[in-house]
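The following pair of complexes shares a single chain, subunit A, combined with subunit B in the former and subunit C in the latter.
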Partner chain A sequence: MLFFSFFKTLVDKEVIVELKNEVSLKGTLHSVDQYLNIKLNNVEIVDEQKYPYLGCLKNCFIRGSTVRYIQLPAADVDTDVLQDATRKEHQVNKK
Partner chain B sequence: MSVSSVIEQPLDLIRASLDERVLIKMKADRELRGTLHAYDQHLNMVLGNVEETINEIVVNDNTNEQTVKTTKRKIGMLFLRGDGVILVSPPLRTK
Partner chain C sequence: MDELVNKTVSVVTSDGRNMMGILQGFDQTSNIILTQCTQNVYIPGQRELEQIPLGSYIIRGTSVTFIGEVDQEKFLSLKIDPALAVGIKSINNR
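And now, the complex of A and B:
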């Protein structure tokens, strides 16, 4: 649940989603769900030369399991809050 | 209290690495070094000031020689999905 809540705070921010098949998509985070499935708006393909057929993609749903990384805007991430939330979650899961 | 008495479960070791530099070995011959800000039981993580090292084996078409190509890149803030993680190594005292 930690990352679900975390991504909800990043809605409307610009992220780069890197998939396991090497494709990178840059876009505005529209929404997330509990599986960390993602909907992106205003999508741009990072390496469009390599994947020209993806050029027409403007918004998309990404299945969470196909994601490798998500590059986040560092300025919008409060690392202290994240660490505290992680410690709390750790305690809860130990029970 | 010694460190080993605090660490009872595997995830406790990762908890002790919060806000420290860690080394993460991933599938597809990737390694990440970065500051651990958050994790959950799937080993989804958020890392800051990340350096990623990718090792690829490149085969020369003419000679069939295999060489390892190493690429490095830096990412300010990164979410990484836990299913690609092989190992997490606690604080690096060197480098």
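And now, the complex of A and C:
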């Protein structure tokens, strides 16, 4: 559940979601759910020349299982806090 | 996904197909129902999409990659540069 909470802190930030089919979508993170399904607003296709027929989307719902990477805004991520949180979660899970 | 219901959406499936239709419903696992569904086929090298009418479709959630609301105006004024445009790849997760 840690990454679910983490993504919730990034709502309204701009992210780039790279999918397993090599399509990348850039947009404002609208919401995330427990499966890490993602909703983006103001979507742009990163390589729009390659997939012009996807350029007409306004907002989109991305199924979590098809995501390969999510590029985050560096300024909005506190890696130290995130690292501590992952360690804590690991400790809890070990017990 | 509630706000997409009754809107024209474009669905990309895990095998790289692109379907467009009116979203009637969905469930927890993102199974979806589309009516007035068409498949938009892009054949590399062409300037236009080919639209194949399919009727009503249920798409299983496991084969959904993403669903987007279509901006009709933009879709109708779509320009494709055949030198750069390619089809969508499939997802090989098995």
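Convention: the second predicted complex is superposed on the first by the 95 of 95 C-alpha atoms of A that agree within 3 Å, B and C clash if a C-alpha of one lies under 4 Å from a C-alpha of the other, contacts with A are read in each partner's own complex, and residues count from 1 in each chain.
Here is the rule we use: a residue touches a chain if its C-beta (ideal position, glycine included) is under 8 Å from a C-beta of that chain, and two chains touch if they have at least 3 such contacts.
This structure is a prediction, so every number in the text was calculated from the model and none was measured.
*Asks:* Once the shared chain is lined up, is A:C56 touching subunit B (first), subunit C (second), both, or neither of them?
*Replies:* second
*Asks:* Should A:K20 be classified as contacting the first partner (subunit B), the second (subunit C), both, or neither?
*Replies:* Both subunit B and subunit C are touched by A:K20.
*Asks:* Tell me the contact category for A:T9 with respect to subunit B and subunit C: first, second, both or neither.
*Replies:* Neither partner.
*Asks:* With both complexes superposed on chain A, which partner does A:A74 reach: first (subunit B), second (subunit C), both or neither?
*Replies:* The first partner, subunit B, only.
*Asks:* For A:V43, decide between first (touching subunit B), second (touching subunit C), both and neither.
*Replies:* The second partner, subunit C, only.
*Asks:* Is A:H90 touching anything from subunit B or subunit C once the two structures are fitted on A? First, second, both or neither.
*Replies:* Once the two structures are laid over each other on A, A:H90 reaches subunit B alone.
*Asks:* Just to be sure I follow: which residues of subunit A are touched by subunit B in one complex and then by subunit C in the other one?
*Replies:* 20, 65
*Asks:* In the complex formed with subunit C, which residues of subunit A make contact?
*Replies:* Those residues of subunit A that touch subunit C are 19-23, 25, 37, 39, 43, 49-63, 65-66.
*Asks:* Tell me, which parts of subunit A touch subunit B in their complex?
*Replies:* Touch residues, subunit A against subunit B: 2-3, 6-7, 20, 36, 64-65, 67-74, 77, 79, 82-83, 85-87, 89-90, 93-94.
*Asks:* In their shared complex, at which residues does subunit B touch subunit A?
*Replies:* Residues 9, 11, 15, 18-19, 35, 37-41, 44, 46, 48, 75-81, 83-84.
*Asks:* Which residues, counting only subunit C, touch subunit A once they are in their complex?
*Replies:* 1, 4, 10, 12, 14, 16, 18, 30, 40, 42, 49, 61-62, 64-72, 74-75, 78-81, 84-86, 88-91, 93
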